[in-house]
Structure formats: C-alpha cells, structure tokens
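First the structure, in the form of structure tokens, and then the observations on it.
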Amino acid sequence: MKYGARNTIKAKVKSVHKGDIMTLVKFDAISAPEMASVLTTESVEGMELKPGDSVQLVIKAIHVLPVKE
Amino acid sequence: MKYGARNTIKAKVKSVHKGDIMTLVKFDAISAPEMASVLTTESVEGMELKPGDSVQLVIKAIHVLPVKE
Amino acid sequence: MKYGARNTIKAKVKSVHKGDIMTLVKFDAISAPEMASVLTTESVEGMELKPGDSVQLVIKAIHVLPVKE
Amino acid sequence: MKYGARNTIKAKVKSVHKGDIMTLVKFDAISAPEMASVLTTESVEGMELKPGDSVQLVIKAIHVLPVKE
Amino acid sequence: MKYGARNTIKAKVKSVHKGDIMTLVKFDAISAPEMASVLTTESVEGMELKPGDSVQLVIKAIHVLPVKE
Amino acid sequence: MKYGARNTIKAKVKSVHKGDIMTLVKFDAISAPEMASVLTTESVEGMELKPGDSVQLVIKAIHVLPVKE
C-alpha cells in the first residue's frame, strides 16, 4: 500500500464516540512520528522557520484519515 | 493559546525545502501524540472501527499547520 | 461560472440524511469524471506513480462542495 | 483495506506533471462513481438540496489522495 | 448560484504570483464578512468559546476557493 | 504567535450552536480582511484570474480554525 500523503502515523484506537452523522475517534500513536507540512513560502518566511525551531503542529480532526489494513 | 483543533503535536523542525510558491518542512515529534479523527458514522461502521484496533492515520502535508509561539 | 478547482463532477442528489449540525448527502455522478490531484513530489516519487497505473482516489466527504446553479 | 472516507474512485493515471515541491497528477475514473458530501445542515437548507437535484461537486485537487495497492 | 459552504466573501484580486504547478493569489475583501466555523464540541468546550469572545480565524490559503461569476 | 497560514481574520463570536459531536460557531469579522488563496496554475489560467477581477471566495466552515489568545 502506498499513499499519496507524507504523514502516516501508526496508532491504536482508544475510544469511539458515535453521533448521528459524524463520529469522533481517539487514538494513541505508537511512537513519536516524523511529520511533514506544506505551506506557502511566504508563510515560512513570515515565521522565520528554520531547523531546530520548536513548534506546535495543529491539525483539525476532520483532516485525519484512519486506514485499517 | 487555545486552538479549535483536537490535534496539537509538539515538534522540532528538521529541514526546510523552499520552492518558489510552496515549501515542504519536515519535523520530528517530541513524543507519541494522542490523536483524534472526525469521520462519518457510516465510515466508522463500514470499517468496524473499535477500541484496540491498529490503524494508520494518513494526513496530507497540506493539512498540517505549524505554529511558533 | 469558473471555479478555482480542478475537479467538477456533474451529479444528481440521491439521498439527504439531516443531522442537527451536519448533513450527509449522497450523489450519483452522471459520467466517469477526469480527476486531478496535487501532492508533494516526494509522495509521487515514493509511490512511483506513472501513466497507466491503477489507483484508488480517496476523498473525505467533508471536502466535497456541492454547487447548485 | 478499509478507509475512513466515503469516496473511493477507481482510476487510471493519465499524466504526471512534476514541480520542485508539488506535483499535479491527472486521472481517468474507470466508471461514474457514487459520491458523498458532508456539509452543515444550514447549507443544505440554504441550497434547498433534495433528491433528484442536479449539482456540480467541486473538489480542490489538493484534497484528492491517490492510493496504490 | 448556491454553494454548500457557509463562507462566501466578496473580494477583488490584488496580485497573482504564478509558479510552475501552484499559484498564490491575493485578494482584498470588499467588506467585513460574517464567518462560520465547524469544530468538535470538545474543542469548543476546551476553548470555552462564547458570544463576545475575540478570536483569530486561521485559514490555510489552500482552503480558499475563488469563484468568478 | 506566528501561524503557518496566510489568512488570519480578527473576529468576535456571535453565536454557538452545539451538537453532540460537532458545533457550528458564527463570527463577525472586525474589518475587511486581506485574503490569500493557493490553487493550481492550471485553475488560475482556466479562470483567467487577473488583478482587479471580482470574485467570491468560498470556504467550507470546517476549514476555519478559531484561535483564542
């Protein structure tokens, strides 16, 4: 299986909270992942982002796609 | 700082690959994060997702927002 | 009407399942569409994607925007 | 393989246009797919969307994830 | 024209910066828009978001779809 | 605080409509914002987008991230 995405995090399902239309699922990642972000070069320059910087990576839950093999 | 997003991963910048319009940034997460996903209840039922299941969480790099405090 | 998006699929509404906040709508596409994807060049090379390859195009329902003219 | 997404379209790669950071890939869908969209109930009511309506489904190329099995 | 989206901002194009694959376009909004966000109820409660609060609405440029009528 | 995103709109919360899993929040922007969009160069050329053009910027509510400082 090869995905056209830079981030694939191995995880275990911790809880499933079902609603009528949408469901919220929580996971524990199995290890600290390598992550990748694509942003505009303007944003990178505005942030003065460089190797060694500490950041928070913010990801809305709606953008996380679980796949079960 | 409070974000309207379920996933915030502490990370360090590893590399910055600048292009004309878009830039690809790589990070190392500092620890194994808790993650959350919102998907349709239909998808959860189609996958038979339940606590304990092993999954891959796939996230396109474009959906990862770095924030520097 | 001109959209700043590469994918526009003609479709007919098949069902509407309303929830309090979010609603799930199903459609039948009228014909087999041409589709486009933008991904990192790294991902394309990791997948060794080339003309003629068979793939699945996975799209979360939340990223599909219906427009009624 | 089970995906936490309502839309999976079988397709063949038609062309690959590589850039430095991002790449644009074109596909031909193999058949007319069933599609699903999640939107706010307010939007559905504002559009008066109902079974039988003709619509355009607009999807930015960045939201299309190719998977090669 | 009816869009399945809660946010439609009238704007004028200010600049177009073309790259090989991706292009960055800047706009001036014509007036202060009403905006809507959908997030998990958990996030809203974690932020203690209530009427009158001042916030920043952060939107990646990739999620903004221009339409020309 | 520096965000890896081109759009940050100052706004005040107007209403909060809570559901079980997802919540819809409405805001009033404090002033007319400058906005940015990234799209494929092909789309820009297909739309013949140029400075001075009037457009609608369409953004699904799910892509709007509120941050409270």
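A, B, C, D, E and F label the chains in the order they appear, each numbered from 1.
The definition used in the following text is that a residue touches a chain if its C-beta (ideal position, glycine included) is under 8 Å from a C-beta of that chain, and two chains touch if they have at least 3 such contacts.
For clarity, every value in this text was computed on a predicted model and none was experimentally measured.
Enquirer: Looking at chain pairs B-D and B-C, which one is connected by more C-beta pairs in contact?
Expert: B-D
Enquirer: So what angle, to the nearest 5 degrees, turns subunit B so that its CA atoms land on those of subunit E?
Expert: Going from subunit B to subunit E via C-alpha fit gives 120 degrees.
Enquirer: From the mean C-alpha coordinate of subunit D to that of subunit E, what's the distance rounded to whole Å?
Expert: Inter-chain centre distance comes to 21 Å.
Enquirer: Please work out the Cα centroid separation of subunit C and subunit D, and write it as a whole number of Å.
Expert: Averaging C-alpha atoms per chain gives centres 1 Å apart.
Enquirer: Where does subunit F touch two or more other chains at once, residue-wise?
Expert: 2-6, 19-24, 36-40, 42-44, 47, 49, 58, 60-63, 65-69
Enquirer: Touch graph of the chains shown: is it line, ring, star, complete or other?
Expert: Looks like everything touches everything, fully connected.
Enquirer: What residues on subunit C touch subunit E, complex-wise?
Expert: Answer in residue numbers: 1-5, 21-22, 38, 65-69.
Enquirer: For a test of understanding, state which residues of subunit A touch subunit B in their complex under the given definition.
Expert: Touching subunit B from subunit A are residues 3-16, 18-41, 43-44, 47, 49-69.
Enquirer: Tell me, which parts of subunit D touch subunit F in their complex?
Expert: Against subunit F, subunit D makes touches at 24, 39-40, 42, 60-61.
Enquirer: Using the touch definition up top, name the residues of subunit C that touch subunit A in the complex.
Expert: 17, 19-24, 37, 39-40, 42-44, 46-49, 58, 60, 62
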